[in-house]
Amino acid sequence: MKQALVQRLGFGLLFICITSTLFFLGLIIYFIFTRGISVISWVFLTQAPRNAMTAGGVAPVIAGTLYLTLGSMLFAVPLGLACAIYLCEYSPKGAIVNIIRMSINNLAGVPSVVFGLFGLAVFVKFFGFGVSILSGSLTLGILALPLIISASQEALLSVPQSIREASLSLGATKWETIKNIVLPTALPGILTGVILSIGRVAGETAPILFTAAAFYLRGYPKSVFSEVMALPYHIYALMTEGAHPDKQKAIAYGCSLILLFLVLFISGIAIFLRQRQRSYHG
Amino acid sequence: MPRTHLKEKLYKWIFTLLSFSSLIFLIGIVIVLFREGIPIFKEAGFLKFIFGRNWYPTYRPPEFGILPLILASLWVTAGAVIVCIPLGVGSALYLNEIAGYRQKQFLKPVIELLASIPSVVFGFFGMVIVTPFLQKVFNLPTGMTALNASLILGLMATPTVCSISEDALSYVPNAFREASFAVGANRWQTLTQVVIPAAGSGISTAIILGMSRAIGETMTVLMVAGGAAVIPHSFLEPVRPMTAAIAAEMGEAPMGGSHYHALFAIALVLFLITFVFNIAAEIISRRFRIKLGLSG
Amino acid sequence: MDNKIKMRAQKVNFFYGKVQALKDINLAVHANCVTAMIGPSGCGKSTFIRLFNRMNELLPHTLLKGKVFLDDLDINSPLVDAVDIRRRVGMVFQKPNPFPKSIFENISYGLKVNGVREKDYIAGKVEESLKKAALWDEVKERLGESALRLSGGQQQRLCIARCLAVENEVILFDEPCASLDPISTAKIEELIMELKKSYSIVIVTHNMQQAARVSECTGFFLLGELVEFGKTQDIFTAPKDKRTEAYITGRFG
């Protein structure tokens, strides 16, 4: 049977495709894990760098990533949620909504380095925030905005229309309905989306290159107007700057492992939660 | 007026206003890129800027021709597409058509998880593992080449392409498959002659979005492409894509100088290219949804 | 039909976009009566009762011509807030739609959005409403549990209790038994008979026996028109219109 043979070959080919995908991506995780794990120690996780980045730990770097991520979410979550609420709950269908939708889609496709330049021109220069946690957080926040909006929209749309009607029929106003019924029901979905965006933002480098990141600072940032070290930029800088490439490479392995673990852990939680979320009538 | 009216109106207005934020940021980005990029067109000439073959921004006198950078971006992206189509689309076909329910329940989230690996980690991997490997295999002066960037970028785009393609495949109604089986086609014939054509534009959307992501990707190409601003002739030479030029040079370009404006102009070109990609993807995906009778 | 008129539709025309869903409807609902609307699917009966608490204005591209009165109040007048109308005219929907909250919170929700704060009063009202809806004995031990864990019939009675707690004057039932088993249906019909002592009730149903069992007045809708309206007894025994007769004898729909 010729046809049967073709089918076997074709299926075999597809099997090779997926195994190579998993193999190569697994390879990255494997290398970073096996070579990075020896660098990780209590000192590495809890102390500041010493001797021109060749010794000590990376605690302020991890903290910097947390600050930037937290800052970006403080900015993007309320804004993105408000935007999703308007699109799902208030907007009459029409030209304005189409324009808003289109701009969200296009914002999502803007290359991350372009966000970096925008942040540099607007937050660093125009508003005069300088290279700082504030500028970096705002820049990352804009990058995260479309992610938050579409995740929130999806969550709001999954709230059945019937319970909105039930609430309104009891004499609740639109805002009372949104606040008491729609948002609590959509909350798990919104949270999942926010967690996924956190995973994405924590690993972004290009937007903070010119807006927030510094290679070597003594200790922790003092205020939102301070420059900051951050894991993704730190990995890059360790590999391209400094005077001791070999010692720095070991630290870069450690940083990569921490970043990879952090991002996979955060995204893993979100994906796991989403798999488990039950629908209203489930 | 009833007591609740004012409060309700207020909330509606707040949400309406905030919902314009995305539009404002998008317009803001366009304005910034034009404002900061235009001066270089005046200084160097638009055509000379786009088609100039020499990028020597810090020489005296400087030369601002970004053709090598544009070609490098396209070159690397083309290479990435060659890597990520078989891997990404192939994996999606496997997941949708061959994998059993439990296998799929497990693999889909795993692929999605892999999509979240940060680009700087890919870049780092390319630098410390792939670079020496390529150098040895091809006996090159440096392993940081267009090939390296293409491999890493392609691998990086694979999970995204796979996820979006898989979604497109799952939209193909089962009735199509059943109709094909009913006339005696086997699974492979059904897949290649019914399912893939039906999902074709959905898969194209996935590939275009993957390309858009690859061409705008910064850290990986900055770390592994080698950085030579010359017109690429082979995959085994170092190149400097647009994003890498911006990221590497912005730090040292004096603010407000020609070099600074030139980098913004590169970003403008990059923005326009990805804009076209995204619009194309949106149009194709809208047609796809209409074709399969899903809501536009 | 000696009771006073509670709600009244006057020359009502209703459009979804360009499609006319209701044509020139005139109808009066009397206090402390059950008024049933029957007719085949898509005849406009559900659309019609949703006009009584202004639910249709939530749908895009709709247009209402004509007037609807609650007592003597024109409910669509620009001076009237839809929210106030919905506080007086409650609704029970086709599919049970409890909030994904606890049983207690489901019932107390309507009170809270209407500004009631006293805890004792709310607790008393919750109990009273659940008792009226004949659900109290089944749920009194587990008021804190999620309402989504109740059975379909229990959920529907919960939705009725939720509606009762707000102390409205009219209750609209939009095919309340469409997704329920016969035993649950019987319970809800019993409940409706009990409720009409203190409320005006409008029920949409495609089940003619149900209309015959529970209602005093019946309106027959066909293709957006109110073909016939009168005492239930008359409609079912001596219909004036040929089309009504055809429908109730099962020749179409």
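A, B and C label the chains in the order they appear, each numbered from 1.
Going forward, a residue touches a chain if its C-beta (ideal position, glycine included) is under 8 Å from a C-beta of that chain, and two chains touch if they have at least 3 such contacts.
Small disclaimer: the values here were computed from a predicted structure and weren't measured.
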*Based on CA centres, what chain would you say lies at the far end from chain C?*
B
*Could you say which chain's mean Cα position falls nearest to the mean Cα position of the entire protein shown?*
A
*Which interface, named by its two chains, has the most contact pairs?*
A-B
*Between chain A and chain B, what is the gap in Å from one C-alpha centre to the other?*
17
*Could you tell me the distance, in whole angstrom, between the mean C-alpha positions of chain A and chain C?*
48
*chain B to chain C: how many Å between their CA centres?*
54
*Using the touch rule from the top of the page, what residues of chain B touch 2 or more other chains?*
4
*Sequence positions of chain A contacting 2 or more other chains*: 173
*asked:* Counting only residues that touch at least two other chains, what does the list for chain C look like?
replied: 83-84
*Considering the complex alone, what residue numbers of chain C touch chain A?*
53, 55, 58, 60, 83-84, 86-87, 90-91, 93, 95, 97-101, 109-110, 112-114, 148, 159, 162-163, 166
*Can you list the chain A residues touching chain C in their complex?*
92-93, 160, 162-173, 176, 180-181, 184-185, 280
*Contact residues on chain A for chain B in the complex?*
3-4, 6-7, 10-11, 13-18, 20-22, 24-25, 28-29, 31-32, 79, 82-83, 85-87, 89-91, 99-100, 102-118, 120-122, 125, 142, 145-146, 149, 173-175, 196, 199-200, 202-206, 209-210, 232-233, 235-236, 239-240, 249, 252-253, 256, 259-260, 263-264, 267-268, 271-272, 275
_Touching residues of chain B toward chain A in the complex: what are they?_
4, 7-8, 11-12, 14-16, 18-23, 25-26, 28-29, 32-33, 35-36, 86-91, 93-95, 97-98, 107, 109-114, 116-125, 127-129, 155, 158-159, 162, 186-189, 191-192, 209, 212, 215-219, 222-223, 243, 246-247, 250-251, 255, 263-264, 267, 270-271, 274-275, 277-279, 281-282
